[in-house]
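Next up: some structures, all given as structure tokens.
You will see chain A twice below: alongside chain B first, and alongside chain C after that.
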Partner chain A sequence: MADDPIALTIKQMSVSYPSPRGWVQAVRDVSLQVKRGQMVGLAGESGSGKSTLAMAATRVLRPPSARIGGSVRIIGRDVFSLSVRELRAARWKTFAFVSQSAMNALNPVMSVRAQMRDAIRAHDSMYSSGNADKRCEEVLRIVDVPVNKLDSYPHQLSGGQRQRVVIALALILQPQLIIMDEPTTALDVVAQRAIIALIRRLQRQLGFAVLLITHDLTLVLEVADEVVIMYGGRVMETGASNELLGNAMHPYSRALIQSFPPLHGVMTRQEGIPGTPPDMVNPPEGCPFAARCILAKEVCLREMPVLVTHGNRAVACHHAAGNRTFGGSIQ
Partner chain B sequence: MRKPFMWGKQLPTTAHKGAPLVVENVHKRFVQGAKIAHVLRGVSLTVKSGEIVALVGESGSGKSTLARTTVRLYTPDGGKLIFDGQDVTRVSGRQLQNYRERVQMLFQDPFASLNPTHKVRTILLRSLPTRARSLPSRARDALLREVLDQVGLTPADNFLHQYPHELSGGQRQRVALARSLAGKPDLVVADEPVSMLDVSLRLGVLNLMLSLNDQYGIGYLYITHDLASARYVASRIAVMYAGEIIEEGPADEIIAHAMHPYTQILVQAAPDPQRHGRGDVDETVFSGEPPNLSQEIVGCPFQFRCSHVMNRCRQEPPPMRSAEVGHQVKCYLFRDEVTTVVSD
Partner chain C sequence: MQRFSGRHFVLRRIGLYILIFWCAITLNFIIPRLMPGNAASALMARSQGTLPPSALRALELAFGIHTHASMFTQYVDYLRNTLTGHFGISFTYFPTPVAQVIGSMLPWTLFLIGLSTVIAFVLGNIIGVYSAWRRGHRLADALPVAFTLMSSMPYFWAGLALLYVLGFTLNWFPISHAYSHNIQLGWNFQSLGSVLYHAILPAFSIVITTMGRWVLDMRNNLIGILSDDYVTLAQMKGLPEREIMVNYGARNALLPVLTSFAMSLGFVVGGAVVVEVVFNYPGIGFGLFNAVINSDYPMMQAILLIIVVAVLLANLVIDLLYSFLDRRISDA
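Moving on to the complex of A and B:
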């Protein structure tokens, strides 16, 4: 169990929220995997269901706030069958979740040290007070924040330092999987790069796996090992990031990549994606992207394509399935 | 060839010719209790008639303050703003109104910049120059419809009678753009106009701005922290750090041959999928914080993070020098190039 090579397996996950207009089907039949030590990027626009997926998979989001189906295994344990006590013991020690804008969610009236000790006390009773202090200093050093900031309050830290403290907090009980939801969105480019480089270095040193949720596809294409692209609550395409960039098979992936101007090379006029994402209260019967897709045919509107595996990648598109040459046919 | 405006024949005067904006050694300070934050520390920048200039820098560098100062939402504490040959640094009343009709602002957040209690029609009407308010209402509505057509909100009649909450983020930003265009401006100061929009909608708005520039010669001061989009829209890029412009030049030049150590870090930090697998970058390059602007900075503002720092950098700030044609940098590392250029 402990030497399961897979850190996270999400299988056929579906999540709906109640709303005055009906159930919002935020996540529909999503499966994905993160291997140990790997960084997988989960990319998508707002409303694609990526944050909902992460919150449901970690049981942060739970009934009756949402209707949740499917199964989640983290380091070999079925997350949905854990008792409340087991879940509490697994959080932080087995997996940690860094939620969106966590750096702004640090408690403003507690010192960094107090917040770290809180996490230790709540999730691991084995620590003595002296050891807990030692561990606090250790993780702060790992993330390159001066140890004298332990007794600082969040407002005394810069944005980049707060984000580092949040990462230190996630690391404090040495989890094997960290799910990070937009960990760098509130930061500017330079601070973002420093944080991402830090996460990569810590992964190499400590060996934990990361599921990195972001809207910035260029970022995960550059730094992640694999990328999962979501749209309209579904997985559109997955694959190794170096393969996806030049050879994306799904028209949505291609259009999304084309939505980012290149930093180098010849500059051409690029088009965004016309139209707007689907209404998830009444999601389309067929492919969620069909309404905005230049290749959409009648079958796309009628039938949701299944995610078909092609070697080590997978794509959910009527045009791509069984047609490998399709890759070069649009532009 | 620049076309006359497609909209606004109804406006009595249509003297659009495009005009340069010159920002000269502008200073801006904010008082925070006992502290005084010196946010703009002598900024000089020119946006020529019909030109698109991008202003990039990290948060806190003063980009937004400069944007708000150029449209005179703030009054500079020192230096000059010259538009179309006229000093507008301290104008007020009717003259300020005239200036603002010709230099418009487009804000970052289309969810905050549109009054939620007004229909699109009212929002746009309020932005019309005073000279248009005396038009018969039919002529005014025709003008609004033409502007909405220009920003791709068709059929315009539907949008005129909607409230902002009925529109998507991309549509709202188009309404905000229509509002800045209605009075036929010479220049639009756009403060991160697409950063709040979904990735797939950003290019739509940027392309719209580009085509308006192309057709009518509307100039932009495009403020962003995204270098790739700066290169996409602008012909020139100015890089701001700690309230100063530290490098300026042709957009491709700035990215391909960044000179200032800070610009180099900025280029390295920008996400670039082409770099995948080339090994991880040295993260120490990106650490460090910008200086505290409420304290006096002696020397170069970047000295505290710079790996090339010399004694001289700690003593006096480097002046802006031309390194190559149209490419200027404030850094002592480049004085040799300067002498060759000067001797030419």
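Moving on to the complex of A and C:
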């Protein structure tokens, strides 16, 4: 169990929220896998269901505030069959979380030290306070934050420091999996790059697995080993990032890649994707992207394409079978 | 450096409160002097001509009213008297000095109203935390409604109802005074029992009618805070529920409530006039009521001053408490 080579397996996960208009089907039949020591990017625009997926998979989101189907295994353990007690024990120790906005992820009335120590204390009551302090200092050093910031309060730290502190907090119990939900959203571009480089470095050094949730596909293509692209609550395409970057099969992936400036290379005019995401209370019968897709045919509107595996990648598109024939551009 | 800014904050606060106190006592000096007449002429008017005009001068001397001295001398005298606790002589309890009268009333009010206010605050917040944490459960959702209903009763009405049913009809509780008159008050169990027994009804009527506000405040604040990212993160950290509820939820939800608590603590001293009158309780509120009825100006002035001091002190204490509970305040 402990030497399971897979850190996270999500199988056929569906999540719906109740709303006044009916159930919002935020996530539909999503499966993905993160191997130990691997970094997998989960990309998609806002509303694609990527954060919901992470929240439901870690049981933060739970009935009655959502209807959840599917199964999740983290380091060999079935998350949904854990008792509340076991879940509490597994949290942070087995899998930690870096939440969307570092600005609000820290309790404003507690010092950094207090917020790190309560995590240690909750899982290991035998930890002496001297050892706990030593560990707090250690993780701060790992993320390049001055150790004297331990007694600071969140409002006394800069945005970048706060994000680093949140990452340090995630590292404190040496989890095997860290789920990061838009860890760089609130930061400026320079700080974003530094944080991503830091995460990548730590991940290689310490060997934990990362599920990196972001809307920034080019960023994730550059740093992650594998990428899962979601749209309208479904997986559109998955594959190794180096393959996806040059040769995306799904029209949506291509459009998404083209809507971000490349990190390196020549500056070109950026194109957006016209149209808006589908209404998830009444999701379209066919491909959710069909309404915005320039390649859409009658079959796309009628039938949801299945996720077809092509070697070590997979794509859900009616056009994908002969994707290399429809040319390099979809504009 | 942080310590320095903290001490700086305390000094700044105390300075500010001294300034406010000076403004308050100066207003307390000016306002009565803007009104026509004084205590002596009020007494002359009340005698309806039975006192000879020459008695006015005698009364002025007796009350220490120096209409002939300059405003400045009067102000300096007033400041000195106020700061040394010389508030003059009460008309109602003539010739007892006001300070002495208030001294005998203040403990009763602090005990009854102070204790009930604190009990209402503590209980109300605990119930508020419970009803926010367990929202969706039937009891947790019913409690705020029940307390809103109770706090919509004016407390003299609740007091009268309790007095009539539990005191008068069922005869379970005494209907007036702070202790039985057939005992000698002292620090013994008999006195203590009697005092507590007499305090139950008035305290209960204050607690049930003021608690609702704390329940609602705490519940609403906490529900907002429970959806904050740091609470989600605390759950992700696998902290025990109780710890999340207290350190992450309630500690943050309490901050805005503390200010209204400071206000209500300050008004403890003059606050429950009606309750004290309904229950014939020998506190400051009862004293203020009598002072108004008898045009007892020195008494009124002294009680108003005490209310001001109490409000200021309570606010100062809460302000200083804030700097410990929320570092953002002392750093600002």
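Everything that follows uses one rule, which is that the second predicted complex is superposed on the first by the 306 of 331 C-alpha atoms of A that agree within 3 Å, B and C clash if a C-alpha of one lies under 4 Å from a C-alpha of the other, contacts with A are read in each partner's own complex, and residues count from 1 in each chain.
By definition in this document, a contact is a pair of C-beta atoms (placed from the backbone, for glycine too) under 8 Å apart; a residue touches a chain by one contact, two chains touch by 3 or more.
Quick caveat: nothing in here was measured; it's all calculated off a predicted structure.
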{"item": "Clash or fit, chain B versus chain C on superposed chain A", "value": "fit"}
{"item": "Partner chain(s) touched by A:287 [first = chain B, second = chain C, both, neither]", "value": "neither"}
{"item": "Partner chain in contact with A:79 - chain B first, chain C second, else both or neither", "value": "neither"}
{"item": "First (chain B), second (chain C), both or neither touched by A:153", "value": "second"}
{"item": "Touched partner set for A:188, first chain B, second chain C, both or neither", "value": "first"}
{"item": "Chain A-centred angle between chain C and chain B, computed on Cα centres after superposition, in steps of 10 °", "value": "80"}
{"item": "Superposed model, chain A: greater residue contact from chain B or chain C", "value": "B"}
{"item": "Touched partner set for A:68, first chain B, second chain C, both or neither", "value": "neither"}
{"item": "Which of chain B and chain C A:122 touches, first, second, both or neither", "value": "second"}
{"item": "Per-pair minimum CA distance [chain C against chain B, superposed on A] in Å", "value": "9"}
{"item": "Parts of chain C lying in touch with chain A, wherever the complex brings them together", "value": "2, 136, 228-230, 232-240, 243, 247-248, 251-252, 255, 325-328, 331"}
{"item": "List of chain A residues in touch with chain C within their complex", "value": "58, 60, 64, 87-93, 96-97, 99-101, 104-110, 118-119, 122-123, 151, 153, 155-156, 166, 169"}
{"item": "List of chain A residues in touch with chain B within their complex", "value": "45-46, 144, 158-160, 187-194, 197-198, 200-201, 215-219, 221-223, 241-242, 245, 255-257, 259-265, 267, 269-274, 276-277"}
{"item": "Partner chain A, residues of chain B touching it in the complex", "value": "58-59, 168, 170, 198-204, 207, 210, 225-229, 231-232, 252, 255-256, 265-277, 280-283, 286-287, 289"}
